[in-house]
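Some structures are shown below for you to check.
Consider the two complexes below, in which subunit A is the common component and subunit B and subunit C are the respective partners.
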Partner chain A sequence: MNKMEKALHELSEMDELAAGASPIHRLCAPGKLLTTIAYIAVVLSFHKYELSGMLALLLYPVLLFQISGVSVGSFFYKLRIVLPLVMAVGLFNPFFDRQILVTVGGVGVSGGVISMLTLMLKGVLCLMASYLLMATTPIDVLCAALRKFHIPGTLVTLLLLTYRYIGVMTEELATMTEAYHLRAPGQKGIHVSAWGSFLGQLLLRSMDRAEELYNSMLLRGYHQHFHYAPVKPCTWKDGAVTLCSIALFLLLRFCNVAELLGGLFVR
Partner chain B sequence: MHMADALLAPAVAATMYVASGTATGISLHKLKKEDDPAKLPTMAVTAALVFAGQMINYTIPGTGSSGHMCGGMLLSALLGPQAGFLSMVVILTIQCLLFGDGGLMALGANIWNMAFYGCFVGYYLIWRPIMKSGLFKGMGPKGGQRAKILLASVLGCVITLQLGAFSVVLETSLSGITELPFGAFVALMQPIHLAIGLIEGLVTAAVLLFVFESRPELLKDADTSDEKVKGKFSLKATIAILAVIVLLVGGGLSLLASGNPDGLEWALFGNAEEGYAENMGLDEEDFGVKSGAADTAGAIQEKTALLPDYAFPESESPAGTSFSGVVGSALVAGVALLICVAGGFFRKKKKA
Partner chain C sequence: MIEFRNVNFAYEKERPVLRDLSFRIGDGEAVGLIGANGAGKSTVMKLLLGLLFPASGEILVDGAAVGKKSLPEIRRKLGFVLQNSDNQMFMPTVYEDMIFAPLNYGLSREEAEKKVDAALEKLGMRELKHRHNHKISGGEKRMAAIATILAMEPEAVLMDEPSSALDPCNRRRVINIIRELKQTKLITSHDLDMILDTCERVILLDRGQIAADGPAEQILRDRTLLEAHRMELPFCLAGRK
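For the complex of A and B:
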């Protein structure tokens, strides 16, 4: 499977996940979006040494994963993109920050190691939150939610149209790459003689086709307004879930639950 | 170069959202003024193509490796800076939401680092001035145009990528995420992105030159008046010349770098004391969670605690990572595991 086929697979997987019917899927999209943003903001606001305090926030995505039934496997697959840069930045911390902050079983753990672990945990938690949002909300429903937050219609329509066409274009390019490699066996990428024409030809054809696309949109009654998915109105239940979640995040932010729990056993 | 959420502090992320939001607002306003609704599908299709096109590997002649294309320059040369910027915004949003590339909070910063520099700086300060200049007149009208496209693409990609990489360093350092000194971080990021920029520039130039050959009217600021004049420009020869220049410049830079071991080496081995001082100064007061609940329950705890007289040298550490914190963290992990087991149990029950 080449890169593009993998991307297509990832897209269809997200679509399938988002089409589920768990209680999390049924929550209204604007509420979920707000909760996700609040969660990420709270995670990011932790200081670099507050590893134990932040760990309690892991419970929220774990709970959501369980209620929604979304597979954790594909989440870990997505980590491969985010973690390398985060790790590259965090990996230097143990070298520069060697002050011993805590001793566990006679082994001193330096501030650098703790801040590195905090950074990695932040990366994982933030990705979990946005992954859960997308895995429980179809993109057209999310676009409708964005309109509710007064994100300009042009941008949202562009987002939705681009999303629709990403599938088409990626499939086309995957076929082209496959055909190219069948005719150029043992070659790693596109040869320099075809650098321009390979993508250029598809580019020109697609830009022409965009005109036809616009005409067909007009024929179907497009008038600079786009009809998004039917939006389920937000009920008081949705509001209560959102508020409770945000209150929980704030509580976990200002009170180190892990420390308190540990304090019950150790003095 | 996509930044993850973890690399940003909320204040920096919010600032970058405001900056990128302003650029988006201005672009939308300009697009509305143009009043060309047919442009929207073109933007969407081109953005989708660029998204997919960035996954193609281009073999770099003479080496075993391959490079990719630069989206910002290509989009702004084809659609104009505002439409190109909006297309990039959409690409970055989709990458962040559906592929986990970047993050919801870091989106503002990513838009700024990649789309703003690539489209606005790349177009207004590099593409347009070069395309409208009288450079390469001796090569004939068409040959001159081709040379200008090549120069603008390569310069554009290199400079905008350098700006983007520098912004990544700036944003991460301002967020207080890394202990890596600013200078060392810059010395680490910029040279890597110089190489990437050169290759991206050449690939982008090749695509734009193909468009110029077949449909010159699609390119912004390209002079299409004298099409019949045959030029003496050869893409292969130019790429060969550029490759030699890159090798020379690259070789020269690496010699310079090893001659003056400042940057990263200096920071890693010669500057440890300064790093310490900074860290010690940073976290004296901010931390240490005082738990009132723990105090009130003190008496009960004295009796029920598993390890009553167990003391650690740094139990009052500012990090809140005292021994009870470690035990508590293990408990949290246990609760998480329990939720997983319970979830699995209930799902099985539901299925049955």
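For the complex of A and C:
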């Protein structure tokens, strides 16, 4: 299996994960979507020095990973390319912000280090929440939930088809890289001299595939209106879970649990 | 049911693909469209489905000319099975793919689901209903692609190379399914044995013109005719050398 085929496999694994049957999977999609948006908003609302306050928000993804049965390992593995980028966001903060804010065991910690860690944590938490939503909700159900919130149909269809076309493009890429490596044994990656034609061919092939797919949709009556999967109606239980989750996020936002707990031991 | 009247078509002006093509297919007929590469078979299909439009001439489906206005109605009557099933099965599961067309044609989810179940039942493949498309074999995918078309309940079924890339067992299964379909059938293929098994009439195309049109048994046994148009006898009739 080459790298592209692996990527394709990982993509299809997401669909299978989303088709699970845990209590989190069974929650109504609009509720999950709302909770995730609220969580991300709360995470992003923290000030750059409020690292300790944010730590308590780890509770949400930890609980979700536990209940849904989605493995934490799969999160770190699937997002292995994005995570370092997210982590790199605040990498230069320690050089620009050198003012000592706290002292830990006699060692001064600058504001830059704290803001760097805060940014990293924000990125990881937001990614975790988004990943958990995707891993517990099929994409078409998620799109249907977006429509429930009156997100324009064109945008939602665009999102759904983009998601589907990623698979198509990866398939073409897998075929092309396999053909390349069969005629370039022992060569690592694709030689820089072939990048231009490779990308051009990939674009043309993907466009051809996309056109075929679109024709296939047109021939089956598609007319710019997608019939999304039926969204499970939200019950009072779904509502209660959503409200409790949002209330918890707000509580954690305005009440620094880590500081309170620390205060019990340190004067 | 289907009629081509003096149809001309070219992708590039100086290289005509179809030249003054005329033929008629009656209700319930099973017709094999054969010809060498570049003969114009796929173009005929695309013109019929309104994916392309002729430079001149007329194409009629149930008396209605294929044109931009009539396309929704015409496409509803024609079910097209693509050569590459991967391009047909774009939804995550077989069920979602099958229900796609009935929902687009305004049926409620319950009604559409009944049509899906009926199509699966007819093809004896209920177990595929909730399978993921990327997890089923090539043969199953081809069968599922046919099922997606049957769920539309079309009046005519068009198939582009339905037996390509299938193992002998799956090929036989597809042939049996095609034989059982009651609809009008237009099948393009290089698999002449399959055409002989499934079609009573054959249209032989060569360079965009009809070279022969008649009973499958007669045309597919005519070695001279077939070889004159870059074709060969079906394997089952060729005998061993």
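As a convention for this text, the second predicted complex is superposed on the first by the 201 of 267 C-alpha atoms of A that agree within 3 Å, B and C clash if a C-alpha of one lies under 4 Å from a C-alpha of the other, contacts with A are read in each partner's own complex, and residues count from 1 in each chain.
In the analysis below, a contact is a pair of C-beta atoms (placed from the backbone, for glycine too) under 8 Å apart; a residue touches a chain by one contact, two chains touch by 3 or more.
Quick caveat, the model's predicted, so the values are computed rather than measured.
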Task: Touched partner set for A:87, first subunit B, second subunit C, both or neither - done: neither
Task: Which of subunit B and subunit C A:265 touches, first, second, both or neither - done: first
- [ ] Give one of first, second, both or neither to describe whether A:230 is in contact with subunit B, with subunit C, with both, or with none.
- [x] second
Open item on the list: Let me test your reading of the model: by the given contact rule, A:209 touches which partner, first (subunit B), second (subunit C), both or neither?
Closed with: both
TODO: Give one of first, second, both or neither to describe whether A:95 is in contact with subunit B, with subunit C, with both, or with none.
DONE: first
TODO: Could you look at A:53 and tell me whether it touches subunit B, subunit C, both or neither (first, second, both, neither)?
DONE: first
- [ ] Return first, second, both or neither, reflecting whether A:250 touches subunit B, subunit C, both chains, or no partner chain.
- [x] neither
- [ ] Counting touched residues of subunit A, say whether subunit B or subunit C comes out ahead.
- [x] B
Open item on the list: On subunit A, which stretch or stretches are contacted by subunit B in one complex as well as by subunit C in the other?
Closed with: 139, 164, 209, 213, 217
TODO: Spell out the residues on subunit C that touch subunit A in their complex, using ranges where they run on.
DONE: 49, 51, 72, 75-76, 78, 80, 82, 84, 86-88, 90-92, 96, 99-101, 103-105, 109, 132, 134-135, 148, 152
TODO: Report the residues of subunit A in contact with subunit B in the complex, numbered from low to high.
DONE: 3-4, 7, 10-11, 14, 36-37, 40-41, 43-45, 47-53, 55-56, 58-59, 62-63, 65-67, 69, 78-79, 81-82, 85-86, 89-90, 92-93, 95-104, 109, 111-112, 114-115, 119-120, 122-123, 126-127, 129-131, 133-134, 139, 142, 152, 154-155, 157-159, 161-166, 168-170, 172-173, 177, 187-193, 195-204, 206-207, 209-211, 213-214, 217, 224, 255-267
Open item on the list: Please output the residues of subunit B touching subunit A within their complex, sorted ascending.
Closed with: 2-10, 13, 24, 28, 31-32, 37-38, 40-49, 51-53, 55-61, 64, 66, 69, 78, 86-87, 89-91, 93-94, 96-101, 103-105, 172, 176-181, 202-203, 206-211, 213-215, 218, 235-236, 239, 268, 272, 275-276, 279-280, 283, 286-287, 289, 291, 293-294, 297-298, 301-302, 304-308, 310, 312-314, 317-333, 335-336, 339-340, 342-344, 347
TODO: Going by the contact rule at the top, pick out the subunit A residues touching subunit C in the complex.
DONE: 8, 12, 15-16, 138-140, 164, 171, 209, 212-213, 215-223, 225, 227, 229-230
